[in-house]
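For reference, chains read A, B, C and D in written order, and residue numbers begin at 1 within each chain.
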Amino acid sequence: MPAKDIVSPDRRSLLKAAGAAAALSLAGRIPEAEAQAPVTLRAMTLQRAPLQMKAYEAMVKGFEAVNRNIKVEVLPVSQTDLWPKLAAAYAGGDVPDLVMQITSENAVSLHGQGLLQPVDDVVRALGEADFEPAAQNLFKDKGSYFAVPASNNCVSLLWYRKDLLGEAGLAPPQTWEQLVNVARRLTKGDKYGASMPYGKTAMTNSITWTLVYQAGGRIIAPDNSVVFNSDATVAVLEFLKEMHPFMPPGVNRYDFSDVLNAYVQGTSATCMYTGRAIVNVNNENPSIADHISCVPFPLRSLDRPWWSGAFESLIVPKAAKNAAAAKLFAAWNFKLDTYVEFINATPGHQIPMLKSVLASPDYLSHPLLVKYRKELDVTIDTLSKAHATAKPDDKSPLIVKAGEIQNSGIFAETIQRVVIEGEAPRRAAAWGQDRIARLMRG
Amino acid sequence: MLPSTLRDQALGYALLAPSLLLLGGLLGWPLIQAVLLSFYDMHPLTRRVIYVGLENYTDIFEDDMFWRAFANNFVWLAGSLFLQIGGGVVVALLLNRTFIGRGIARSLILFPYLMPVLVAALVWRWMLDDIHGIVNYAWIGMGLKRIDWLSTMPNAMVTVIVVGSWRVFPFVVIAVLARLQSIPQQLYEAAEVDGASRWSQFWDVTMPQIANVLSVIVLLRAIWDFREFDLIFLMTGGGPVIGTTTLPLLVYKEAFELFKMGKALAIAVVMMLCMLVLIAAYLRSVRNAPASEEIR
Amino acid sequence: MKSLPMRLAGLAATGFTWLLVLAVTFPLLWMLGTAFKRPTELFAKPPTFFPHAPTLQNFVDVLEQTKFTIYATNSLIVATVTTLFVLVVATLGAHAMVSFKLMGRHVVARALLLCYMLPTTAVLIPIYLMIAGLGLANSLSGLIVAYTSLTLPFALWLMRAFFAGIPPEIEAAALIDGASRLRAFVDVVLPQALPGIVTTGVFSFLICWNEYLYSLVMINDDRTRTLPTGIMGTLVNGYAIEWGMVMAAATMMSVPLLLVFLFLQRYVVQGFGAGAVKG
Amino acid sequence: MTEIALKSVQKKFGADVYAVENLDLIIAKGEFLTLLGPSGCGKTTTLRMIAGLETLTSGEIHFNDKRIDQLAPGQRNVAMVFQNYALYPHLNVRGNLEYPLKKRGVPRDQRQTMVAATAKMLQIEELLDRRPRQLSGGQQQRVALGRAMIRDPAVFLFDEPLSNLDAQLRATMRAELVRLHLRLGKTMVYVTHDQLEAMTMSTRIAVMYKGRLQQIDTPAAIYSRPANRFVAGFVGTPTMNFVEGVFSDGASGLEFRSTLLPTIPVPGLSGAKAGMAADVGFRSEHVVLGQGAAQAEVSVIEALGHETLVLLTAGADEIAVRTRPDIALRVGEKVRFDAAIDQLHFFAKTDGNRIGG
């Protein structure tokens, strides 16, 4: 496929993605036969808000126009359903060719089971050096990339209401202790101080890592032993229990959407969430749009900073039937115009993982990002210091069962035991330890 | 030409064949597979299959999660049966009277049964919403303390039982109502002549007449409720903690969240054995019920 | 003429009955009310029962922002095809079981009962493996196969009870009048079984329309999702539950069904009484 | 006209339950034969085997000289009227009458004339457009008859067709069926447990019990010379009186002794011999009150108007007596009675068979 076919006269599309796709095909990665036969590419995605789906449509349209023999089907899946879906898909031999925006724990686990194809060619074609260093570090195992870093989002933020904190004379909290205080002070009648997840949900499971790391603990030690039952975990459980009365009554069932909703609707004065708060507040409750801001999520102790990023990536399963086409489309994901359209479908939520895009005016010119430039900078800054939960620092080995652990629901259950059933944190931590150990054995 | 009897038999088998083939292929074979695979360790992603003998079974019997789910299953079953049968009989008795708008009332009462499970779950979740739910609004309006209906115990279990019973009690109403309508009026007249009170008319005339139908309904509902998945999953997802995790939910969790297919199937097999006991009881009760000569 | 206290008691009972009926139908009414409310009214205190300013916006949003029509079409296809297929198979099978004295029919009846009562979750995994093996994973045909496994035992069971209730002399008379067995079945047995067929059809359609677990596990593709998983996936497990939209979707998913039911009520109630309970 | 011959017909249900056991039966051309017996005696099974609705376990059935037991019901040219009429509920009367004609490929216009003629004959013309459930029992009965007649079958089979009608209508229909038989002259087989129907309508009656044929004869012969104790007891109202006793040798030859009746001399009763236990049977109309050696107490008096039934008790025995309506008796009164000596029937205690001619 000659390169000039791909390059549209549009200035923005002259950028690297198209070039990368061309490089891939020119390098003869697509066998002649496959290039000729019509192929349906099944690409699963975990980001599926309506505007994101629209952005995908545009992305696919552009891709199909160039690669006339490839049809792309985008399969949206919720975070909660991902694991069952994958189980069913693998068990049934009906594996997607590409999974987009999969969070790092899940990508690492699939890699740990030896289920992923190396994607070095895609990463190299896009320019390895352009990726954030943490991402390079995370997805490169034994010298080879098992996932293409795609975007990041930062749940490790605390959104707060400037007006409410100001009225109460409170500063944005930096430590757990301060957060408890803020939450307590702002809880009055139907208004609550904070919003965090306590449900048996994906969000509860995913933030537990962060809190344990912040408390100085780990879940899996570098030697792969389970160390969940620690003082740090107990501290986390106690913190969550202390916070619980300052949250809306339904918090025991909260997942991502509920946590954010409580803040957006004005029910809670603060919430733990990604930059999506920006767009949701502006769409659903503009009356508070001028009063929102965020800080990095408070730490247990200021001398031990730890924040997490989702490190969403693109992966190509080994069992994919159209791996070459999948890689081609993976590279196409980064074609600047549609990439930015996708990222900014939820402005502030998805943060590009390519340095060049992060600095590009195409990205930064979105009106909401202009308006909330300060909050965006907090997000970007926090993410630059953030790690993936499956690799809490650059030196640690990958926790190859991170996905299994997170999806098992053990975290949420441990928390619920303490907060809802009133079990002693130490006992609950021991229970969680035992469950995780069983899981690691299996 | 075949003799007519043989031709008839052949035709009979031909008519039955599609049913038998489909049942065998779609249920018989998977059932055998389920039992076989329960002796294996099976990972759905890697499709690695290792024979482990009885390990899955010893595993679940040693696991307190299993026993909690087992207990939950029976709490759910007993609660649901009690509510839907009790409620169903009461409503059937009320609807059996002559009153204004009886026809409409009889139609309306059936609606919950026809509501898709998902719709039922969503409507109730909305009504039970912590802040904006109508239930809590009314509850607090009556001067009562706000209640967390779905995420503390025992509230969550009670709530799913109430919602589950709300959804299926019309089944009991219709079945009982049909029976009530066939009770000869003379029996009541005789009782009245004998000076029986309303209450004793109910116990001495009505109950014996509907007892047979009731016993069949109880078992039928028991068998269906025992395996209920959708409603509980959609209402609570098995939470809080594992407060409303019944065996079907545990099977789902083991298979699709923890990836222990073998263990999940072992639990399913144990469930099936429990069901067999219920089915045996059902068969016996049907055999004793004079109205039905269906199964002999 | 009844005495005054008796009449008062009767009146009280009637009042209580209606109160109960309204309480039972309240969730349905609340769903309808919510579906027509604007977001501001949704969270109003005190809550309103009848929307002050009814709007169709929620419905428009559901239809425009989600693939509701696609999900509904899929559900309709899956439920209709499964129901028709199962009705044909079960009608023939039930007739064979009731009016042919086949060897082993009692064994078949037992086996049928067992199938009828199997826990779905137990065979979910093997059935899924089988459907995937047939290359039907992630397709409507795969769901049709799965739903056949759910509805066929039930349909056979119900239908068998209905056929058993048809006087055998009617078929015998047709045979003597010169009809073949098949002809007699078509001419005189089938018309008698019609209420049973309608009832069975309604219930099997309901089962398919409602089913959640198989659809959740089997379908990845948004374009082949059915209503329950589609609504759950886009409106509930999304990034924000918009109750107005959820209730609008729920309304569209359930109300047509309720109307169809009202239309067929006579048959269906008969079906409950006759088949479902007799076992 | 068709002669029906059943040759060693057997019907087994399950491993060893005989519904019909070794039945040999010839039904003559144009005969009205009734299969009479209590429920479960095999009479309906026999009829259904003739119709082709039941298969034979062994044996053969012939219509004239043609073996038909392997033929489908529709190929036997029989018509059947069922107890519950078995009208097709979804067809109107016209449709019901037409159905057998359609199945035989009778052209439309011909069908219409035949329906009209049959309806006229049975006086159901105004019912032609009604559905069966809109008809009374008697009307349904006529339609069922019409459906049987309309195609002029070789054999008519009736399975208790009158049992769902009320008493008055039943009497009317009995007469009508007899007329129908006379007019059509077809071979008819009629199943009933009602002896009145059997006695009034039949050319011959075949009494069945426990799957076996007990006796086949004209109604008069069945009544006056029952072949065994079962037939004797089953036919006749009130039931024949039975008294237990033993044969013994007396002064003037063989005698029958019982506790209740005076010794009855029965010299030359073939098949009886001294020491043999037997029952003596005599019908209620053959008892004479106010004379004789036997004595009993009056326990019940039923005045029927044209006659009076009296029930006597003597020890464990009960004796029914038909007598004139003007008799003056009181309950509790002791009376003498006698049984007409030439109207006695003896049945062996061992097998219940009739002793002597």
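Heads up, the rule we're going with is that a contact is a pair of C-beta atoms (placed from the backbone, for glycine too) under 8 Å apart; a residue touches a chain by one contact, two chains touch by 3 or more.
A quick note: this is a predicted structure, and the numbers were derived from the prediction, not measured.
Taken together, chain B and chain D share the touching chains C. Ranking every chain by how far its Cα centroid lies from the centroid of chain C, the top place goes to D. Contact tally for C-D versus A-B: the pair with more C-beta pairs in contact is A-B. For this pair, chain C with chain D, the centres built from the Cα atoms lie 53 Å apart. Inter-chain spacing, taken between the CA centroids of chain A and chain C, is 39 Å.
With centres taken as mean Cα positions, chain D sits 91 Å from chain A. The residues of chain D that reach two or more other chains are 52, 72, listed in rising order. In chain C, the residues that reach two or more other chains under the touch definition are 43, 125, 129, 217. Looking at chain A, one finds that residues 84, 88, 91 touch two or more other chains. Taken in their complex, chain A has these residues touching chain B: 83-84, 86-88, 90-91, 110, 113-115, 190, 198-201, 248-253, 267, 404, 407-409, 412-413, 416-417, 420-421, 439, 442. Interface of chain B with chain C (complex): residues 8-9, 11-13, 15-16, 18-20, 22-23, 26-31, 33-34, 37, 91, 94-95, 97, 99-101, 105, 107-112, 114-120, 122-124, 126-127, 129, 132, 134, 137, 166, 171, 174-175, 178, 213, 216-217, 220, 223, 226-227, 229-230, 233-234, 247-248, 251-252, 255-256, 261, 264-265, 268-269, 271-272, 275-276, 278-279, 282-283, 286, 291-292, 294-296.
Within the complex formed with chain A, the chain B residues making contact are 41, 43-47, 129-131, 136, 146, 148, 150-153, 236-242, 252-253, 255-261. Listing the residues of chain C that touch chain A in their complex gives 39, 43, 65-66, 125, 128-129, 131-133, 137-138, 216-218, 220-223, 233-234, 237-241. Interface residues of chain A facing chain C in the complex, by the touch rule stated above, are 42, 44, 48-50, 73-78, 80-81, 84-85, 88-89, 91-94, 96, 255-258, 260-261, 264-265, 276, 280, 284.
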